[in-house]
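Each of the next two complexes has subunit A plus one more chain, namely subunit B in the first and subunit C in the second.
Coming up: the complex of A and B.
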């Protein structure tokens, strides 16, 4: 059996892997390349890793593609990122359809360019019937925004008399959070590359019991070998959820 | 001649006191140097590893927690000496209630003992003028522990130098749910109030839109205000001992931008060097972040 198949047959595989793809700009700087080339390399790496990940039995992969705070970056870079998303959504449609990967984009869509918004709707519609492999792409997303929109949604239900305030509990929240689209809404493993040890407002609620892995390698250099290292590390964790082992 | 053992005892007592004083003095000098750079205003700790420590040293379970408590007192002393204003600790999670009843009871007994000791004259609370908050779903605690906690909060309410937040019967998803509930209640109250006003006005055209606007008016600030931890700013650094890197349902809302630090040391082994490492790292990142902000 190949390494990948061996891993897939191991029961202790993470069902949901979340990734903060950090380090594209530093990668480009190191090589004397422009920022856009860094992001392009990051996008290519992303698709390769997603393929490996699904092959090893993961059900859901979430990517922090663009955070609410990223709007503060230089205008050129933001434009380049939006163009990159459009390019890759278009180019990878055949791959998503062939491998039956359901695409879900979560975040506040109000500020993203209309052409990209339209394309996202197209891709989501075309892949909505697939099951077993989910690729969640967070664009203009933040953990606090997610909790806030869940809160607003619950407030509306209370106002409409559909639920009582006393019914609001953790399950009710989870049904409203944007990750409700997946069977496994809470990541088992979160990887943030480039050595920064913070969640930067990605999944907050959903990361309550997630194992956090912070390799120092920059995202475009995070390949199969690095991912296998992350898995080995994950499989050695003792997850107690507050109880004694 | 019979006095000699007594004299030796007094001398060695005096020497160890002297060593302690030298150590304290050097530490304060070191802190003065470090505080020339930015100092975090809020540090949070997940004190993991007490039971493993007890096992490692073949002690009874309870001794691990006792050792953990001593380590905590030292750490608080270092933090406040360094100029950190807020310290939050994860003392007991709601999830921990699922442990064996004997262990839960023994932890409750230990916490009761330690909470009461905070009110003693020699305690760290008086030494540093600490205002203490107990953050969590206190209704889940037994009456004795809850009463002791409330007594301490009341007694320290006027202290304003530094703050200690003890998260007990706490978890973050519970905290968020409570804040969401309160925001929904406030919103309904606002809607009702404006509804009454509208009836008087008989301006039914605007009524529908206004109710919509009221819901839209749930902002981040509404949820934030209703969080139990709103008495402190977000933590700058979160330290989890014993090498585990997960949040375990602690301060999820508040740690979006917090630097996470997971030394391998078990909690009773945690010491000054870990605090220094965390703060120096914070200073390094702080200057990097400030530089990036300027570049933008």
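Coming up: the complex of A and C.
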């Protein structure tokens, strides 16, 4: 990202950008490459775009890297994805520490390979003190799972006497969602690449007033210019959060 | 000293000119993008008009088998114009859509429910339809939804599950896996009156491009299409959006 883009963006910037990284397989297919190469290209793009977002002043970036439904993909592809996560978490640790980016991985960790789970814990521990830049990576995440685990968490607190039943309300619920880790839990802008116009079980609760942007470009091709276009589009929106103007 | 001061002054001027230049560049980018959207909007309007006139044979018949449930989100400003909502429903009936969920965050459409049901021919309340109902001809089942059916309903349903959990024989041994599943929450939502009809397609009418708090639990795999303002809605655009949906292939993450 050039200095000019960074310095020109004085207008309102989204504090929290969520991205559904769609299109890796189609990108690879168009180029006669294998699926794993598509995912590798997607992983590189992910980190480049994260750097651009933070440079533009975004506080939180959430990436839908692996959904609960993705476990149904061919075993080789799933193994490839898990190996990619491990590879890039290890490789990018110096970058996270240098740029003081807090890493948070949300989702159901029960099915994640143990080696990856351990690495995730290491990365989270190493970056937990950083403030101002949050990179949330959703692995084995689903919006319905998020709502259910929040309900379960509240139930456990009631059972343990930490809260009363009367204390359970929307605010209490939002404090239990997996996005509680961020100062800005509700995305301002949600980008889903590849032209599909769905949120596919991502941030169901959190996206009530999120601006939805569905560019047709495939994820590995979503670069600096495409992100600038998304930001320009976002800055032209008039957000009301359900209220009258 | 003087030369240092001069250098600092010069540097400050260069910085200010640079910032001004960057600001102008950013505004220029905005203008270019805005122009692109204006041109795109004009092109869509022309295409929509052509579709409405039946000039594009592709839209002359649409297979609605995939579209079991359509939802419409109406912006709070637009929802005052019930006549426009009625017109939209009449268009949907003409196209052959059988089930429509109408949402506005404040529940104003719920208050106009009787008027809408009286004015839209063949319309009936979804909740009054029996299980053996088979939509035929120009009939359309309507559901009226508001924000109270979203988070508030989930909280009420969660409370039902919580009560069951606390009343279970060994809550101290149970981490909740047997009480907090998707099917349990679906059932509890039904108890509190949230019917959980999952829309295949969601059309958003208004200046905003968000779903404005439409019941989150229902939106998992719903196609979301922004249609512009209700005031300037076009039959051709509606037909095009529905036609496009029928061609969408979902792999549901697999």
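To be clear about the criterion, the second predicted complex is superposed on the first by the 235 of 245 C-alpha atoms of A that agree within 3 Å, B and C clash if a C-alpha of one lies under 4 Å from a C-alpha of the other, contacts with A are read in each partner's own complex, and residues count from 1 in each chain.
One rule holds in what follows: contacts are C-beta pairs under 8 Å (C-beta built on N, C-alpha and C of every residue); 3 or more make two chains touch, one makes a residue touch a chain.
A quick note: this is a predicted structure, and the numbers were derived from the prediction, not measured.
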Practice problem: Overlay done on subunit A, so just call it for subunit B and subunit C: clash or fit. | Solution: clash
Practice problem: Examine A:236 and indicate which partner it touches, taking first as subunit B and second as subunit C; both and neither are also allowed. | Solution: second
Practice problem: Of the two partners subunit B and subunit C, indicate the one touching more residues belonging to subunit A. | Solution: C
Quiz item: Touching A:92, do we find subunit B (first), subunit C (second), both, or neither?
Solution: neither
Quiz item: Does the superposition put A:198 against subunit B (first), subunit C (second), both, or neither?
Solution: both
Quiz prompt | Contacts of A:228 with subunit B and subunit C, given as first, second, both or neither | solution = second
Quiz item: Thinking of the overlay built on chain A, is A:151 touched by subunit B (first), by subunit C (second), by both, or by neither?
Solution: both
Exercise. Pick out the shared contact residues on subunit A: the ones touching subunit B in one complex and subunit C in the other.
Key: 72-73, 143-144, 147-148, 151-152, 154-156, 158-159, 165, 168-170, 173, 197-201, 204-205, 207-213, 237, 239, 242-244
Exercise. Please give the residue numbers of subunit B that touch subunit A in the complex, ascending.
Key: 51, 93-96, 98-100, 103, 171-174, 176-177, 180-181, 183-185, 187-188, 191, 211, 215-216, 218-220, 223, 244-249, 252-253, 255-261, 296
Quiz item: Okay, in this complex, where on subunit C does subunit A touch?
Solution: 18-19, 22-23, 25-26, 29-30, 33-34, 76-77, 105-106, 147, 150-152, 154-155, 158-159, 161-163, 165-166, 171-172, 175-176, 179-182, 185, 207-214, 216-217, 219-226, 248, 250, 252-254
Quiz item: Quick one: in the complex, what on subunit A touches subunit C?
Solution: 4-5, 7-11, 67-70, 72-73, 143-144, 147-149, 151-152, 154-156, 158-159, 165, 168-170, 173, 196-201, 204-205, 207-213, 228-229, 232-233, 235-240, 242-245
Exercise. Under the touch definition given earlier, write down the residues of subunit A that touch subunit B in their complex.
Key: 72-74, 142-144, 147-148, 150-152, 154-156, 158-159, 165, 168-170, 173, 197-201, 204-205, 207-214, 237, 239, 241-244
